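Below, chain A partners chain B and then partners chain C, in two separate complexes.
Then we have the complex of A and B:
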């Protein structure tokens, strides 16, 4: 069963996360620049503006395809690498993948990992 | 939260104290830093699921502010309580407030929680001073803010499911009033204060009940909240909330009108005696001054009972409000209206109604001041009266005003607009009285119309309008329009009067428009138009011949299908669907079931059998998206008849999936029999709550009773459905035993 691990992290933590995943033997990932906010509405601890405003904060999204066995290890690894303990650290989650195909060779599902 | 006896002010105080204690512990005692609460916590008006609004104030150059902030914010975030936070110097806070009105309003609620009291005190003083000096210039902005918000969220004063915080007349409006009071621009009187407290109490229990921050008082919440607050039943609660909403919104409206006038009066002296700028005659003894309607100097309400109506009409015609002190004078000084009303009074009142939408706020003002109840004692019991069908948006008295306003646009379609408007304003006056509200209303309408000075023929017409205001819509949606008996009943009820028919048609449309968006549809409009056309034809002396429904399929085709025992599904014009099949028991219920499974909503059905083949014609519209593939429908139908498609299971699963949050427990289902409203058939009507596959189960029940269904009319209003079946029995009469058995089966099917 193929799984997709998605992580939203602080941009400056990308290198740490990459290194951690390489250590696990992960051979591929997709990285995109995104923006968003959570419960703190994008405000830092010392925010000075009007309370009710909601601000978008730049983040990075990392996506890794893996099989069932490795998924949780990957989650733990990302969490450890991306954590600063401050608000805005992000979230990691796992979803199931119904079908997957490698474009060049036509290999399917876990063969395509 | 877990102490149910703790409600109202006690609950709010307890919550505020608890939070204060917790937060104080997080901030060390030191100078130069203060933790300040704004918003709900600042006002000590928290609801159980409210967010906290906190500000960390610091003197310029205070050290370690970030670390102090962390020590306070992180525990709050981690405990999953919503937090709006900021860190500022006094100067920064004041400048944010100067630029941003919402921030300013929040800051007015400032309350010191922990740390350096001097710092909080300083901010408080500066904020108040800033507000007092700038408020008069920001009135326009505040008003826009309030009105925009109110428009989106509905009206607390008239809605059946009011949005207590954001709605017009709700908590935010109350805060606006208090902000104005802080700037010393208005007084907040006790009734308004009590209204605000009530809304806070309700909000507290509502959030506790739903464990969430939703501020809409829904139908299903009203009973438990009323019980928690010790109010008499859910009607008592809704009435109290509606009253509170009206109190607050009318106080705010007065404020908007008084304040600019204040500003101007402080400036120039206004010359007394007409002709000055902004002062124009509006009607006899009525003047429009500065955009408000006031009485002329020599006006005397004690000798001129028509004066209130004349002023009201002028107000509606000009789209200007009645000045508050004028309204007060009219209420306290006007002589009672002679009975019957003089013609001028009637004329002014009808002209008022005829102005349409702009009459509604004027009627509301008259209603709140008690003028409506004075003129029409019968009005009193529909004030604040709730509606039980959630399709309605408004309480009864507001609905009546809205209907009259809608009818004003239709006056060109009737010969007697005055009767239409009168009928519209009183059509639901019988609501809340025992029995059928049309009948009760008709009994009240007679004396009302007589008192208004209408001649006896007109009075009879108004009574007929009220008595039959539901006739056309009910008949159009629940009866077979092809059956001449249907048209005959309508024509008889109206005594063959084409004028009355026109007026009722207009009234039906106005009523639906004033009820809510779910009450009308193009389908209903078409049916109504067809009924009116047929009724007119009959009334002007024609007779409509009864023809059996034209076979939707040609005879040859039918014969060929019969040979092959074939089942066919074909599309007709528009939303028509025709199913031709060998006539076997269970065909109609199976077909209804399959249609429901494919999310098709059946509006009507006719069944014709010929030589062992049944031709079932449906008018069915897709609930979502487009029409399903006919081949799929056919396949499913074949399997359903064979027994290999678990129809009942699939339908219950579908119903459960779409049930949604509103598990509205409607009234229990009812079955009614009508023996002489159809030609050669009996009508059995089932009134129930809608669910997927209802039609399938009802037709199944009728088939189990071995009744033949000739046609079915389905009418929906929100979640309530009325299904009317034209049935015959193969053996002739439908005796009482069979009726009883059938009724039982139907009630079971309608669960």
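Then we have the complex of A and C:
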């Protein structure tokens, strides 16, 4: 069974998370810059005396495809590496992947990992 | 004519041209949103083309009307056809005509800040022609060209506090009222999209302003009678106007930052850039009639007051988008009126004998005559400009119309009016279509949706 681990983390923690996952033997990942908000909310900026509320906080999304056995280990090591203890550390979740194909070879599902 | 002075006027004229394109275009461009930066920059470029040609055809004739100087006819306007196309102007005087041309151009371009993001470029072209003809040129004639007002109320305006800045400020405010608010304002204003452009623009404006102020020297008949006297006035006066322009601008920048630091907790880069412009505006009319201390005070007052004044638009509900009223009208009035306090007979214009009878300003032993004349100059400009700008604005509104559609305003005026986007953010958002005239447009930006708090003004 193939799983997708998705993590939203603070941008400056990306290096730590990447190192931790490489330590686990993870072969690849997808990283994107994203923005959004949770409990942390945004911040206020002032331009010529007028206040602007910036709702969206910049974050990094890390996505890792893996098999059933390793999914929880990956979640644990991301949480450990990304935690600062302050608000806005992000979230990690695991979803099932119905079907997967490696584009180059046509291999399917766990063979394509 | 002295060759040194002539060479300086060539440079000064080019400096003032630079103030519109690119300096003002950058200053304004950085303050708008990603989807309307090209349009606001185009308004400056279009003003350059349209006003410049009008000025050569009938503008100089209507405002000045003589060979390289004002005709001093004592009337409200000069004949627009007498010097049409610079008919009787000697080529050795072209540079003085072109110097004045650059002032007309930037005055019109300044107005665009009040109506950013929402007007059709065709309507702007028509406005440029009508406004410079019916407002700028008559006021320039009355204050500088020896027209009716100057004959009755000698008024000190070294480089354009009334003619350029109060004029542009009033016109901007009136147009913002006639044309109306941007969709969503003031709930959603959109923060400045690139303040580095604005900082570059402010710095270039500051540099160009030395052409504007220091180039505005007018020689007395006494100076023109002897080479030694000419040199004495040239060197003595340009030194003072350069120094005053510099120190007032520095003071205004710091004063604006100080107000922000006290009021909001942080001094901003937009505040520094705005303070620079506020100081330059205020010292424009006064750089030749005050001393160093006077320039310092005028700059500090302008920076602090304009920092507060830019918040008033939220209280009165006027979408003067880039604060032409808050900076140029306010700063222009401060500069014009403070001459009535800080004006001194030992300044260049005092030594030139240009002060009205009654002596210097109130702080330098004069009576209230100077302040009264300065006040009248401000009122004359506000009334003439306010009434005629309203008429021009309404005429365009009820004929060709000003506004782009609300949908286009939300999608972005750059694409609607020019068919372009300023920035290519991604590599996958479009593709080149060979031989086709239309592509696919992707509107909007990916990051953030800043929302201004209702009534968040200071």
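Definition applied: the second predicted complex is superposed on the first by the 100 of 113 C-alpha atoms of A that agree within 3 Å, B and C clash if a C-alpha of one lies under 4 Å from a C-alpha of the other, contacts with A are read in each partner's own complex, and residues count from 1 in each chain.
We adopt the following convention: a residue touches a chain if its C-beta (ideal position, glycine included) is under 8 Å from a C-beta of that chain, and two chains touch if they have at least 3 such contacts.
Everything quoted here is computed from the prediction, not taken from an experiment.
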Chain B versus chain C as contact partner of A:54, first or second or both or neither: second
Which of chain B and chain C A:15 touches, first, second, both or neither: neither
First, second, both or neither for A:35, with chain B first and chain C second: second
Which superposed partner A:98 touches (first chain B, second chain C, both, neither): neither
Contacts of A:43 with chain B and chain C, given as first, second, both or neither: first
Doubly contacted chain A residues - partners chain C and chain B: 45-52
Chain A-facing residues of chain B, complex: 38-39, 53, 55, 65-66, 69-70, 73-74, 77, 82-88, 92, 96, 100, 102-103, 106
Interfacial residue positions of chain A with respect to chain C in the complex: 35, 45-56, 58
Footprint of chain A on chain C - complex, ascending: 189, 191-192, 260, 263-264, 266, 268, 270-271, 274, 307-308, 310-311, 314, 323, 326, 446-453, 456-458
Residues of chain A defined as touching chain B within the complex: 39-41, 43, 45-52, 87
